[in-house]
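What follows is a structure written as structure tokens; I'll ask about it next.
Should a chain be cited, it is by its letter among A, B, C and D, assigned in written order, with residues numbered from 1 in that chain.
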Amino acid sequence: MLNFASDYTEGCHPKVLEALVRSNMEQLTGYGTDAYTESAKEKIRDFIGCPEAEIFFLTGGTQTNQTVIDTTLRMYEGVVSAQSGHVNCHEAGAIEYTGHKVMTLPSHEGKMDAGELDSMVQGFYADSDHDHMVFPGMVYISHPTEYGTLYTKSELKAISEVCKKWNLPLFLDGARLGYGLTSKTTDVTVKDIAGLTDVFYIGGTKVGALCGEAIVYPGGNAPRQMVTLIKQHGALLAKGRLNGVQFDALFTDGLYTEIAGNAIERAEELKKVFTDRGYRFFIDSPTNQQFIIMPKKTLSVLDAAGVIYSTWEPYDKDNMVVRFCTSWATTKEQIEALAKILV
Amino acid sequence: MLNFASDYTEGCHPKVLEALVRSNMEQLTGYGTDAYTESAKEKIRDFIGCPEAEIFFLTGGTQTNQTVIDTTLRMYEGVVSAQSGHVNCHEAGAIEYTGHKVMTLPSHEGKMDAGELDSMVQGFYADSDHDHMVFPGMVYISHPTEYGTLYTKSELKAISEVCKKWNLPLFLDGARLGYGLTSKTTDVTVKDIAGLTDVFYIGGTKVGALCGEAIVYPGGNAPRQMVTLIKQHGALLAKGRLNGVQFDALFTDGLYTEIAGNAIERAEELKKVFTDRGYRFFIDSPTNQQFIIMPKKTLSVLDAAGVIYSTWEPYDKDNMVVRFCTSWATTKEQIEALAKILV
Amino acid sequence: MLNFASDYTEGCHPKVLEALVRSNMEQLTGYGTDAYTESAKEKIRDFIGCPEAEIFFLTGGTQTNQTVIDTTLRMYEGVVSAQSGHVNCHEAGAIEYTGHKVMTLPSHEGKMDAGELDSMVQGFYADSDHDHMVFPGMVYISHPTEYGTLYTKSELKAISEVCKKWNLPLFLDGARLGYGLTSKTTDVTVKDIAGLTDVFYIGGTKVGALCGEAIVYPGGNAPRQMVTLIKQHGALLAKGRLNGVQFDALFTDGLYTEIAGNAIERAEELKKVFTDRGYRFFIDSPTNQQFIIMPKKTLSVLDAAGVIYSTWEPYDKDNMVVRFCTSWATTKEQIEALAKILV
Amino acid sequence: MLNFASDYTEGCHPKVLEALVRSNMEQLTGYGTDAYTESAKEKIRDFIGCPEAEIFFLTGGTQTNQTVIDTTLRMYEGVVSAQSGHVNCHEAGAIEYTGHKVMTLPSHEGKMDAGELDSMVQGFYADSDHDHMVFPGMVYISHPTEYGTLYTKSELKAISEVCKKWNLPLFLDGARLGYGLTSKTTDVTVKDIAGLTDVFYIGGTKVGALCGEAIVYPGGNAPRQMVTLIKQHGALLAKGRLNGVQFDALFTDGLYTEIAGNAIERAEELKKVFTDRGYRFFIDSPTNQQFIIMPKKTLSVLDAAGVIYSTWEPYDKDNMVVRFCTSWATTKEQIEALAKILV
């Protein structure tokens, strides 16, 4: 069986598991006050080059988006997202559940355009009725996006400038951040992200951990009483060590970057396999998610061979868009096995 | 160092860890659709004797209380709890955050009285203004309570009958359920609980897991679209296997009961240590949390010896109420070491 | 001064005022339990031909939309609206504030298309990930729309059928319902609306009252404990008589229809004034709101003459879209005066 | 028929009605931007002696409490109220609906004790677990209280000082403020209230208006974008003139004070009627609500004579606590007629 369905099919990276095993019988204080959590925070501060950063570990992506957005916005504000943003499409209304509108802009292969953002906000304030409307209150982008694409540094700077111009906090969803940072073509570093955003998160669940996302406020600009707010959102782990130990391992000796890099190597090989055989890509993705326009009869071949992938959307009568994911756990052998099946 | 501060100071029970290690590299589907999660559910159904039960795994206690209560109540209803209930005191307003009032009754060593519940609801409907008031919509009890006490079977039956009389779903918070079920003095079995409540949860975090609580709807009476609701509350793990594997291990070969039993054995020894030395108890607790009225000078001795406990509340000028917890991980040797320090 | 800015610039219709004056010193019970409120409900039941209808009087349009939608939807559901719907654009996020997403469809001159609605819901259920998405839970339409347009009976039937097919309650916002019912070109009666929707409201504020909207559940299908829910939403008037007396007057001897008819007569005259002078309409509106493409230099003439209108949106470099409203209070003389100014 | 059931049984004071009639056909701008609303605000600023005050008109008491509290509190905070506070008992959970806990202190004939407030907040911060608890975030008091009682100036000062000490905004619910200000025994002026609170409201509904409450931020300290927040809460009237005209009339030539004074005169006469006949009072109220311990057989006499009152609560086997209200509309003749019935 070859499973390319997603990047969260395995447990955690063996070194993360080892750290959990090693620390298991230590008695530690709860709610993220333990030494591993502190150490993890310190290592992340080094990684991003922000000694003042405030960091909080939550358990999953939707929870993180919900908690960050709800605690950043004022009551009368909404969050601006690309139409295709995870917060808009695939979080079961978790943002609206907290009382806030998701305000959408067109999606350009998953990305928001700085100019369109500027026009939207300008249009809002130019509207004489805007007191009766939802105020744009912050901006949400994902990097990599839901389509595996990446912002260039200049695109990110442009969005950041529009945000500063209109005084809108910029939040970057990094559920797959590792895969973005290690992409062959990116010119965006984590330090760029720390410098250009007001808050972002470093995803663990999809990059080597069993669970866990690290929210980072690069300037030490977390909301007041953030621990209380996390508790109120049902998002505070009693055994905070579970996140702390994992992130401590991920940020020891460059593990996070190394294992994300593996997914990128495999994704490049995967692209070559498809390209060599003449398959078309739905989107040109430089990260670990690859979207291929696949003839339905090829899908039958794959299904028969036990290859697992995600069905994305219909393309036309004869073709489907499907997603193949690599991860820290994908091996060269798996790619080669797939190549043989595809002939 | 002797740490009796809480029952969540260690990681997970070695057999749970072993299961995580063993399954780690298997590729499994996400969001709780994997085979371990299914197996865990099946074992829990056996354990409670309810083949029709619907079961959902969440990550922590406050999250579980918040999600269960918010999805059970109608919009105009509140949840009735003892004044000392965790949902009323120590969840940072997580229930009110979802729009519902916590309506309180007196706490009798942590417990609610069935008669007082009946009077409250009767008084509510007798009030000609009750359309302008919050309707009592469900009842929340914890077992063991926040003070380590337990309902007797007849107390539980009485509450359940009042609930049925007024058509109020009964929800039992079992964050420490294992310690309640294995108490020396209890006459309440898990099958009693399944028969007398509408929904309850079996706590994992405090009884051997790294995280995880199993919500049980004994009659298959979960709210519609419960998975969507869990997602909306930010409580759906992508790697649902993390909970599934742990609960599968906990409910294999009676592990859950066995390790909870260890905590009870140690708690009985601990009680004897204190009783033999003439200490008074603040509450007569039959479970793993022991509340002792401790002279401040004894506390200094303990502090000097590196013994860790929880400070509960001031008792009088010279004494404090402190809490000592045992757990699945507490050893006979630790109790003996404490005994020596207390002389 | 000629003021065509909106249909809520005056107080209330003289006969409504008379009823308030006449009843003012009567001592009546509060919260909508008085005899005038009962009488108003009975008259509305007659008007719509639904003897079983449940009726509730609220104070304003946004409050009504918020209360109806929040109490109709399940927690995991959103409301489907045309992009241009009032609930989506001009209610300051009042719907999202209650926890629900507004899900949008294209606006066709303010209207939703039944086919597009069907496709959207079909697409939702066809998506294998729909458990992670907001469920379409009800449909919101306005009649007249925000652009003054009206659904035909067959369009309304088509939407109603799609709603029935997918089990979605259909809610019609009738803030300006009177103007829709008395339009020269409509084939939709209030009885059609009562038969084809699950809930609608009859607007008072914009059709002759000082305040007040009548929510109608034609089949007696109001949510349980609706009075409590209205109170909880801050929408229950202590002196419910204020709404009751006004609606009683509006539905005595056909007043509501008569005064709405006046607005339509004046709107037809207004259209003629503009048409005769060669002005173009932005939208062909059969009700009391008229949207004209107006050269900026004409606007200067109007401004100088003290004519008041609403600026809608820029049309092109030289023209603006402006709105002229008539109401129950607009006179033939005012239209003639405008005609002289426009030459 | 003699109706003492409440102070909102009539419409509005004749002079208020006159103002509505007089202004009815004027064309005015919507949403509280009209000249009457401006004039009313200016007159209230004079009345309270705060030229910088920001003032907003809402429609009813629960709506006002809900909007003020929700927009003042931070997300992790609750509002502290006496157990008997309207927000805690009779608003159908309108406060919790907005996500906030009502935290209660003992009620002393409806009043909160400054010392108990101080102890509660001190205890909160002294609790090492307070990060897991709801933070006290503001204080709610009513004046007159739900039992007709009044704070003395020194009591009010003491509460205000505790609030300042802990940085808690103080909110005074003045649904019946007029009756408090004109009480024979009070030493509290409206200027005292403006000086000692952060926000309060002047009730119109129960003191001469058809509807309407004036929220006052004495120091111009309203939340940002208050109009948008009011709209979002469904509380913004399109015809804001309805509130504006009424409050403008109420604050012209001392009408508000004059008509509240009438209620107090009548209440004093009412007290004498009961006292002379040997009835006992449940509470010694100096305002327009009188609570009498009434033998059930007397109630039969009153019922037979068509006297209407409110039943409050059972007192003992033979007696009920009942409420008699006077208002701006109560006449000397009505009191005399009651006196004759009671003999």
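Definition applied: a residue touches a chain if its C-beta (ideal position, glycine included) is under 8 Å from a C-beta of that chain, and two chains touch if they have at least 3 such contacts.
Everything quoted here is computed from the prediction, not taken from an experiment.
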{"item": "Which of A-B and A-D has more C-beta pairs touching across its chains", "value": "A-B"}
{"item": "Farthest chain relative to subunit A (centres taken as mean CA coordinates)", "value": "D"}
{"item": "Repeat of interface B-C, chosen from A-C, C-D or A-D - more than half of residue-number contact pairs shared", "value": "A-D"}
{"item": "Cα-centroid distance, subunit B relative to subunit D, in whole angstrom", "value": "42"}
{"item": "Chain centre separation in whole Å, for subunit B relative to subunit A (CA means)", "value": "34"}
{"item": "Centre-of-Cα separation between subunit D and subunit A, whole angstrom", "value": "51"}
{"item": "Junction residues of subunit B, two or more chains touched", "value": "75-76, 91-93, 97, 99, 131-133, 228-229, 231-232"}
{"item": "Touching residues on subunit D, where the partner in the complex is subunit B", "value": "75-76, 78, 89-93, 96-102, 128-129, 131-134, 311"}
{"item": "For the subunit B and subunit C complex, residues of the former touching the latter", "value": "31, 70-71, 74-76, 99, 131-133, 135, 224-225, 227-229, 231-232"}
{"item": "Complex interface listing, subunit D residues touching subunit C", "value": "1, 3, 5-6, 8-12, 14, 17, 20-21, 23-30, 59-63, 66-67, 91-94, 97, 205-206, 210-211, 228-229, 231-239, 241-242, 329"}
